[in-house]
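The next block holds one structure in the form of structure tokens; read it before the comments.
Chain IDs A, B, C and D follow the sequence of writing; residue 1 opens each chain.
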Amino acid sequence: MYTFATIAIIAALTLAVTRAVRGPTIFDRILAGNTVGTLAILLLIAIGFLFGRPEWLDIALTYAFLNLIATLTILKYVRYDDLEYDSSEKGPKS
Amino acid sequence: MEAYINMVLLTLLAIVTLTIVRQRNLFSVVVLFGVYSFLMASVMIVLDAVDVALTEAAVGAGISTVVLIGTLHITGSEEMRPSRLALLPIVTAAATGAILIWGTYDLPEFGKADVPINTHVAPFYLEQSIPLMGVPNVVTTILANFRSFDTLGETTVIFTAGLGIMLLLRHKSRKEASKILKKDVVFRVIIKLIIPFIMLFAFYVHFHGDYSPGGGFQAGVMLAGAVILYSIIFGAHEAQRVVPQSVAAFMIPLGVLIYAATGAISFIYGQNYMDYTALASYPKDAHHLGIILIELGVLITVASTMLSIFYAFVERRH
Amino acid sequence: MSQASSLDLLYLMIDVLSGAMILAGSFFIIVGAIGLIRMPDVFTRMHAVSVIETIGAGLLLSGLMIQAGPTLLALKLFFVFVLFFFTAPVATHAVAQAALSAGETPQLSEDRRSKTAAATPVNSNDNEGADD
Amino acid sequence: MDILERIALHYNYVIMIFLMISGLYIVIAKGNMVKKLVGLSLFQTSVYLLYISPAKIIGGTAPILDEKYKIYSNPLPHVLMLTAIVVGVATIALGLALVARIHEAYGTIEEDAILENDTKNPDQDNVSGEDQ
């Protein structure tokens, strides 16, 4: 059961990393990065149960907080002209 | 099972690295570097290095991203197309890699217990942590007690780096108020709700560091992260009303001083430097107290350094 | 005797319930991740990701909570759950807002129809600068 | 078959070396200084992996002592790397601060452009770019 959950999370992690690697827009990467953070938290929890030492969920909380900080930082700078939005990253529609 | 999870995660790590090498948009590079850090932290979890995973996630995914974005914002985010052919670097890197791979033939196989690294001094730490100090988290014991000189050095390095950054980037205060996410009610409400919990949790990580993963380094990064988050949503001006730059600057040496002074107390009682038994009558209490105190020094230095770095980059905009 | 067997039954029920929840959660996590790959543009992908963050993680964590019983562990799992509940929508909201303000528009069905057979993003590696 | 087994048992080292030479390659080949620092960071991270990998013992658990467990992974590398990570980010930030100052003085962070600038007007003291 835990094994299945772990395998599922790792499969999802692989797919999310694929999306982060392929892009095509910067927002896809940010979204995929955020998802990788989420899945890392779930992976941590699942591995804890799988190997029988689940008491370090504290780390998961840290991940969640820091994930939020990273995402919001990136997005603030994207949104408020502080960083030029790069037209070459626009993807298929440009 | 552990070995397989480890291999999959490492492969993903290699793929992300390859993309970082090829990607020319620096903004994407930063995002991918955050992904890389999370994967690395997961690898650390699988390799049973929980304290390291906590630090790597906090530092790599949190603070690194913030600092890199701060720089990009000053310098622009596009890398120029290289003018020369990249043949020589490839050859150099490949040759180095080949030599290193040849070197791994003598390295121990993965996951073996009877290799030199695991038989030399580590069993002593693992066996003596509870009898001598009464602290279950061996990483904390080594960090703050067995090898506390090392950690003093590391704290000083952080202090020095913070000093250097402040010398480099100071004296350029921005006139106009920073852009506040005024209309974004969602962010303001949720972040206001979450920040107290982040701080509370940071102190939990600090004071519970004897029994679970955590300690001054991680707690410091998280505390700084909370203020940075506040600064991102409500503007750097607001954040500096809460924690002024001068206070942050003052606290950097304060932490190092607390650390060094905790060690020096033992002198008064005629003992060696960093011998905590002088701090309380019962040795295990003394060790607990000593560890908490020097970790407090670490916490103050790390938190204020990270915050000063952030302020320095934010203030430096054009 | 009968008490012991009823306790056994209770444990079995707990195991079955939590197992079903964990399996369902894993299923939704995979579904969300596939959506992240297969969906055509960033807004629809966001939608897929929210499947992972709400029902996938929710079911998984609830299943583990049942498995952990009334301990500190379950409380911590609950904290993670609540944290997801607050942070995941904020992060997604931020991505959506930034994408919109940067000029990214949601792909409509008209856009899809007007495109040629290769509706999915063409080989996205085109955008990445290979340096040679 | 022999070589496959060897690679499997040394997989951590192989990946570690790959990360290391990727970092090395970025530092040598790329002209952009932010990218160079990211490469340096990659190099640094590979060293963490080098230290942590041999500390793991299959069947062991994390070095937080408990009555129930007998085998623990080696805590010493964890300590060394934990401090190295925090020091690493501080030094990378110092490097980035230098990059920011270089950008203010030269208007670019590309190595080639800076060298060109220096050879064109060798007498001019570029570093005093405080006037902006």
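What we mean here is this: a contact is a pair of C-beta atoms (placed from the backbone, for glycine too) under 8 Å apart; a residue touches a chain by one contact, two chains touch by 3 or more.
Computed from a predicted model, the values in this text were never measured in an experiment.
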| item | value |
| --- | --- |
| Most widely separated chain from chain B, with each centre as the mean of CA atoms | C |
| Chain pair with the greatest number of C-beta contact pairs | B-D |
| Chain B-chain D separation of Cα centroids, rounded to whole Å | 13 |
| Centre-of-Cα separation between chain B and chain A, whole angstrom | 19 |
| Rounded Å distance, chain C centre to chain D centre (Cα mean) | 32 |
| Distance between chain centroids, defined by C-alpha means - chain B, chain C (Å) | 29 |
| Residues of chain C engaged with two or more neighbouring chains | 87, 90, 94, 97, 128, 131 |
| Contacts with 2+ other chains: residues of chain D | 29, 61-62 |
| Multi-partner residues of chain B (at least 2 other chains) | 2, 19, 25, 30, 50, 72, 76, 79, 82, 86, 187, 191, 194, 212-213 |
| Touching pairs among all chains present in the structure | A-B, A-C, A-D, B-C, B-D |
| Contact set on chain C toward chain A in their complex | 19, 22-23, 25-27, 29-30, 32-34, 36-37, 42, 45-46, 49, 52-53, 56-57, 60-61, 64, 67-68, 73, 76-77, 79-80, 83-84, 87-88, 90-92, 94-95, 97-99, 101-104, 121-122, 124-125, 127-128 |
| Contacting residues of chain A [partner chain D, same complex] | 51-53, 56 |
| Chain D residues within the chain A interface of the complex | 61-62, 69 |
| Residue ranges of chain C touching chain B (in the complex, touch as defined) | 86-87, 89-90, 93-94, 97, 128-132 |
| Partner chain C, residues of chain B touching it in the complex | 19, 22-25, 79, 81-82, 85-86, 184, 186-187, 190-191, 193-194 |
